Structures are given as C-alpha cells and as structure tokens.
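After this come two complexes, each holding chain A, first together with chain B and then together with chain C.
Right, the complex of A and B next:
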C-alpha cells in the first residue's frame, strides 16, 4: 500500500514536469493555489526540497523496518522449523483428510495483527472464503474462528453472521506453546465442530509463503472414519496400554493434535508475516530511492532554469542600457 | 461404540486433555531450580484477547493474561 501511494505520487509528478504551463487538468497536489500564483512558469524549489526530505525519511523508516523484520524472522524461524516435528507423527497416525464429509466445519483463519506485510493476510482470507464456499451446502454449517486483526477486518465485511470467535493481541509476548494451548482449549470449549480447518501461510523461504489448510477431526468423526477403513482403520492394529478405552485415547489424541497443529500454524504464519514484511519494506525503500532520483533531477533542472532566466534578464537589461 | 469405562478424574471435572497437560507442565516447571525456573516461567507467558460473536455482533472482549496489570 505504501509503495502504490509512492508510485502514484511519482506519476502525478511526471505529468507536471512535461507541461510548462500550469493547466488546471494536471494541477497536482504539489502546486497549491496559495503558494504558486497562476501564470508562474516553474515550481518553487522549496516545495521540491520539502518533498525530497519527506521521501528520504520514508526511505530510512522502511529500511529500518526491514532490518527489524529480518532480525525477528531469524529468531522465530528455527522454532517454526522445529515445531514441524510436533504434528508430523499425528499425520502419520491419524492422517490429514481434507476431503472428509462432515456436517459442522469450523474454519480457523490465522492472520497478523499488524499491517505493512504484503498480501499474506488477503491470501489467507481468500482461501478461507473459498473453503467456506466449498464446504457449505444443505444441512451443513460453516463457521469462522479468526486469529488476528487483519483477517477480522476483512471477514467482518461480508461474513459477519458466520463468525464465532475473534482472538487478537496474540503476539504481545513471544509465541510459546502454553499460550497456544490455552487458546486451543478456549476454542474447543466454545465451538462445536466436526472438523476444524486451519488456514495459515506456511513458511517455505524468505520470499515464498504457501497458503496451507490443515484438517483436524473431532474424536467422533475419527471413530466414524476408523470404521470406514483407510489410514484410520489401521488404528485397531495398535495395542492400548493402561486402563483407557480406544474412545478415550482418540479424544485425547484429537485434542492434542489440534493444539500441536495450531502451535505450528501460528509459528509458521508469524514467520511468513516477518518475511513478507521484509520484502514489502525492501521494495518500498527501493521505490523511495527511485522517486528521490527523479526528484533530484527535477530539482536541479528547475534550479538551473531559474538561474538561466535571471542571467538572461540581467544581460538583456545591461544591453538595453548600452544600446 | 460407546465407552462406558470410568473416565479419568480430570475429564469428568470438565477439563480437556490440553488443559490437563498444561497444568502438569506447569507443575514440572515449578519443580526446576533457579535460575532455570524463572527462565522457564518467563518463557511461557500467556496473553490474548477473545471476543465471542453472536448473531453477527461482537460481545464484550475478555482478556486472558498472565500480566498483573491487565
């Protein structure tokens, strides 16, 4: 958003350079009526100097934000990659079946609280809406649980009545498992579901983020699918130690799976957020640099034109006196 | 197949497995010696705000936090 605004300003500016006479059609925000009266040929250099100062400040700020995002990314990246080992055994045991047919779907959309991070929140929301469309139908119910301010703002516009829970201020303290576990507990207690679809941006590399959906089933659905066969049907071949029944264990496993998958999803999304912010701020500072170059050229040209005009006046005045 | 076996005490008290494991983990953390104990406890702070929505309208948000001032 910042880059588009800078680009728009630059284009408006180029229009005023090419026309020597200030026509009302291309009067830009640069030339306001109080500062430059009608009929004056060139723009005052003071205005250009002010603009250059502000663009230079923007460039410094965005460069600093990029450094901050890079350091935060380094801190969180190893944790996210290590947390992948939490849900992989679950997927090996219980499988990840996105195509399961259930009545009650709950879409958990994970997004960031802060902005200026490129398009990752919009992609998450787009995918959530697509899943909503895919999984809705007669006798089916689809609800949203939203993590983060950005997705809340977008989903509030057209899916207000489908929102169940909104969770914000998640990143006030560094992300840890306890926090996500308490969060998962809250969701489990407040929301009824047959299948949970967790939508987040998986961190592949600093420039690549893959929108992903993980499916976690409720224990009853797991039992139903186990009887149907497939990966879950192989559960019966496991021996159960201790005094618990299979249903008990399935319930514990399903809850723990949800908590682990959520932890990984939140970490990966945080990584993607920092990476996206890095690239957004990088292109913003690059655009600011380009704009600064263009402004410098224009400033010099204006300055030289005014000097030439003065010289011409002096010389023609002097020759008029002589002649 | 309905399980009629006796449920564990924490399940019948209304806790999920997640909260049970959280409480157990907290007990283990409290068994550590200083300085590891304060490091571990500082690492696992909880803070977030939950807003329940009903009929398209947000209700009053509740903040769950370990901070003493919130």
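Right, the complex of A and C next:
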C-alpha cells in the first residue's frame, strides 16, 4: 500500500518540474494516500525519509550520467570538427539546392538510439515531417530512411508505409568512415531517389544545436539542373579528366558526396546527442536537488511537530495529575 | 530614440571582451534594423507551408564563400586537401600540385582550366617554393575551380615516408597470390584493387 503510494508519488515527481510544488499539496497528498493508523496524530517521518533517499539516488545517477556524456562529448567533438572540411568541396562545386523540384525525395533522418537526450530527436522528426509535407504533391513520392531507434519509434506511428529502411545500433563501435561508407552504399543500392535530404542536428556548442538539412542530388538531376542553369550552371564548364563519360563521373561523384555528407552528419548528430544529454542530466540533477531541499524542510517540520505534540501530552498529563 | 540606440550599440561594442566562447556576442534587439534580413527562396517557400517551425539550416550557411574568379591569373594556387578524419591542408597557397588522376599524373598550376578528376591510388605532390611534400593517396576526387582553388578529397592519405617497404612487398605478394586464386568476380575485383594499391605504393617508394 505504501509502495503503491510511493510509486504514484514518484511518477509525479520524476518528471522535470519547473515550478516548485506548494508544501500543503505534498502533505495532503501523502496523508490522503496513506492509511493513517488510529491513535497517531501525525504521519510517520519514515515515508519522507524513504522519498529523500530515492531522490538523492536519482540525483547521484543523473550527475554520473552527465559526467559520462561530457567525456564522450570530448572524445567525439574533435572528430566532428575535423570532418567539417569534408563536405565543403562538394557544396563549392555543386552548390546548395535545398529548393530543388524533384519527383522522388528520400528523407534520411539521423537520430540517436538511446534516450534521455533532451529534445533533439523530436526536433529532427518534426523537421522530417515538415519536409515531407513541403515536398509531397501530385506525382511526387517522399520516403524515409531512418537511422536510430528514437526516430524510428516516432515515425512508425503515423508514416509506417513511407519508411524504406531502418538502421539502428550505429554507435556500437566507434564511428568511422568505412562503416558510414558501407551504410551509404546500402542506402544507394536499395532506395531509388532523385534527391536525398539528410536531416540532422549540427553541433554548434554544448548548449546549441542547429537542425540542418543537406541535399544530395542524383546524377540525372545534376545534369538536368546544370542544363537549366542557376547554381549548377557552371558545372558544364568543368572538364572531365579521364576516359569515363560525364554520366559515370557524376554517378561516382554523387555516391562519394553522399558518403562524405553522411559521415559528417552522423558525427555532428552524435556530438549534439551527447551535449543535449549533458544539459538534460544537469537540469535533472538540479531539480532533484531542489526537491531534496523541500523534502528536508518538510521532514524537519514533521519531526518537530511530533516532538512538540509528545511534549504537550506529557506536560498536560503531568499538570492534570497535580491539579 | 536613435541617440539611445547608438549609445546602446557603443556599449555593446565596449563590452565585447575577448572571451573564450566561440559564439559571437549578439547585438541588442534595439540595434538590429527594422527591415528583415533576406531569406533564401527555400526558407521563404518553407514559411508558406510550415509557418510555425523555423526552416532548417542548409550547408551553404556554414561555409565561407569562395573567392570569385579573378580576371588575371593569380600567382598562387589555393589548395584544400581534406580527409574524413582531418583537413590536411586548408586554404594553403602553393605553386603547383600534382595529383594522381585515373589518366596519370596531372599537374595543376594557378589558372588551370576548371576540371573534375577522379583519383586512383598514387602519390600527390605539393610544391611550395622549394618545399616538396608527397602524400600517398588511396583514391578520391580532385576539383579545380576557375578561381584557382583546388579541392582534393581523399578517403585515406599518408605521407610517403610513413610507408614501410617490407609491408608493401608483403602486401603485394599476398594480393597477387589472391588474384591468381580468385574464383568469383567479387573476389577478383577485391584482389585486383589490392594489387593496384600495393603496386602504386611500390612505385611511390621506388620512384
């Protein structure tokens, strides 16, 4: 009975509370859920002590998780920053065309496998859904390729038929280019596309993550856009070195571009995940600390009230005997 | 009102001490002009369909703009040599580079015709004055733009003096043997790639 009450209370408290709960509310909640035995005027301090112990444990756990996330972030941040130069030559050559009009769009959503990392996965999914809405229309096809468990769980709910491929457990081994290249190859082989839109969170700083969308066009669309002019118009002026045809070179180029952009995107998203987890766990520890302060005050007050009650009883009993 | 704005602006400038934070100090909202900044066409079309969510950023907003094509041929070539795990050379001004394109060694001087070249395993040489640095490149692409900027993207590259000739010989022998005993097309292709890379390394060490 007590455990059930505690669990109910725990669920209410375990969420991140922004405003402090008023004291009477806690007391009445405790009393109303408890079967107060006859003859006892105040509630036992044991319940409050138990709750304080569990909140203290939660605080310790979230502090430890923050430290772990901080060390993982340090490790991966340098690699993400070093990989930033990788996609820039492609954008310099082929330009950035997020508004390109194509028939087959494939949205590659990158998310994390583990939770407790704040809102970054929800942000990525929100942006992916918005891109789906933006690029869908008559005779147009939009599909999803999902990396990571969290986006999969969210997108399975309403877009199950649009999901082409789901890849999870990306970070089982430390991320490296070979693994991402194999992944990119998988996607290119199994999914037909005119334009790939990669959605991820770019790591700007430990507290700031920018949702970003990179576009990779298929070779046919690149040729079409180059003929049409605009940002890709200068592409025709480039000579192709080698005996291969322009089509073959563009095919290799598109595949290489996709794997390079994916590598950078996956690393940036991993950094953002660790940074978001750090700040989520930090605010969790802070909330637990606040809750602990309030519980301590309540505990002391309860203890003092029961002592006072005992004293009053003794003294009134003694004075009744005398008088 | 405008006097106040300029006072606030000068205060915000005076307060900008050199801090360790990477994020630049933001101006006060009263200092920013009333006219909205130009949105890219993508952001505008996004706003029409999805007004309540901010448009995602695109890679071009993270890149430094490239220099425009100069009318006269510049004296130096700007080279960006990038690998997945590092930017080996970033905007370095050199005299000439030689890249191992599929058709053979290709020399690039400032003012080279814009080219897209696929690279095969071989040695890339960078000439800067009298310094010559050689890297063995596994494969990748080289873009030479009209503004004398050369981008070389390689999957893997090591300086040539880091190659061990014994290991190269062993590898070459191993893959030649694998090529001889290969049965399926996939095995043949893999063994052929191994032979190509190791013989290129061999010629890099000897040549």
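The criterion applied here is as follows: the second predicted complex is superposed on the first by the 283 of 323 C-alpha atoms of A that agree within 3 Å, B and C clash if a C-alpha of one lies under 4 Å from a C-alpha of the other, contacts with A are read in each partner's own complex, and residues count from 1 in each chain.
Everything that follows uses one rule, which is that a contact is a pair of C-beta atoms (placed from the backbone, for glycine too) under 8 Å apart; a residue touches a chain by one contact, two chains touch by 3 or more.
From a predicted model like this one, the values you see are computed outputs, not experimental measurements.
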- Item | Which of chain B and chain C A:307 touches, first, second, both or neither | neither
Counting residues of chain A touched by each of chain B and chain C, the higher count belongs to C
Could you tell me if A:189 is touching chain B, chain C, both of them or neither one (first, second, both, neither)? first
- request: Check whether A:252 is in contact with chain B, with chain C, with both or with neither, and answer first, second, both or neither.
  value: both
With the two complexes superposed on chain A, say which partner A:205 touches: chain B (first), chain C (second), both, or neither. second
Practice item. Could you look at A:127 and tell me whether it touches chain B, chain C, both or neither (first, second, both, neither)? Key: second
Once the shared chain is lined up, is A:177 touching chain B (first), chain C (second), both, or neither of them? both
Chain B and chain C footprints on chain A meet at residues 177, 181, 243-244, 252, 256
Within their complex, chain C touches chain A through residues 21-23, 40-42, 45-46, 49-50, 53-54, 56-60, 62-63, 66, 80, 82-87, 90, 101-103, 106, 113-118, 140-141, 143, 145-146, 149, 151, 153, 155
Seen from chain A, its contact residues with chain C in the complex are 79, 82-93, 95-96, 98-99, 126-127, 130-131, 133-134, 177, 181, 199, 202, 204-205, 208, 210-215, 234, 237-244, 249, 252-253, 256, 260-261, 263
Within their complex, chain B touches chain A through residues 1-3, 5, 7-8, 11, 16-19, 21-22, 25-26, 43-53, 55-58, 61, 63-64
In their shared complex, chain B is touched by residues of chain A numbered 160-161, 163-170, 172-174, 176-179, 181-186, 188-190, 223, 243-248, 251-252, 255-256, 258-259
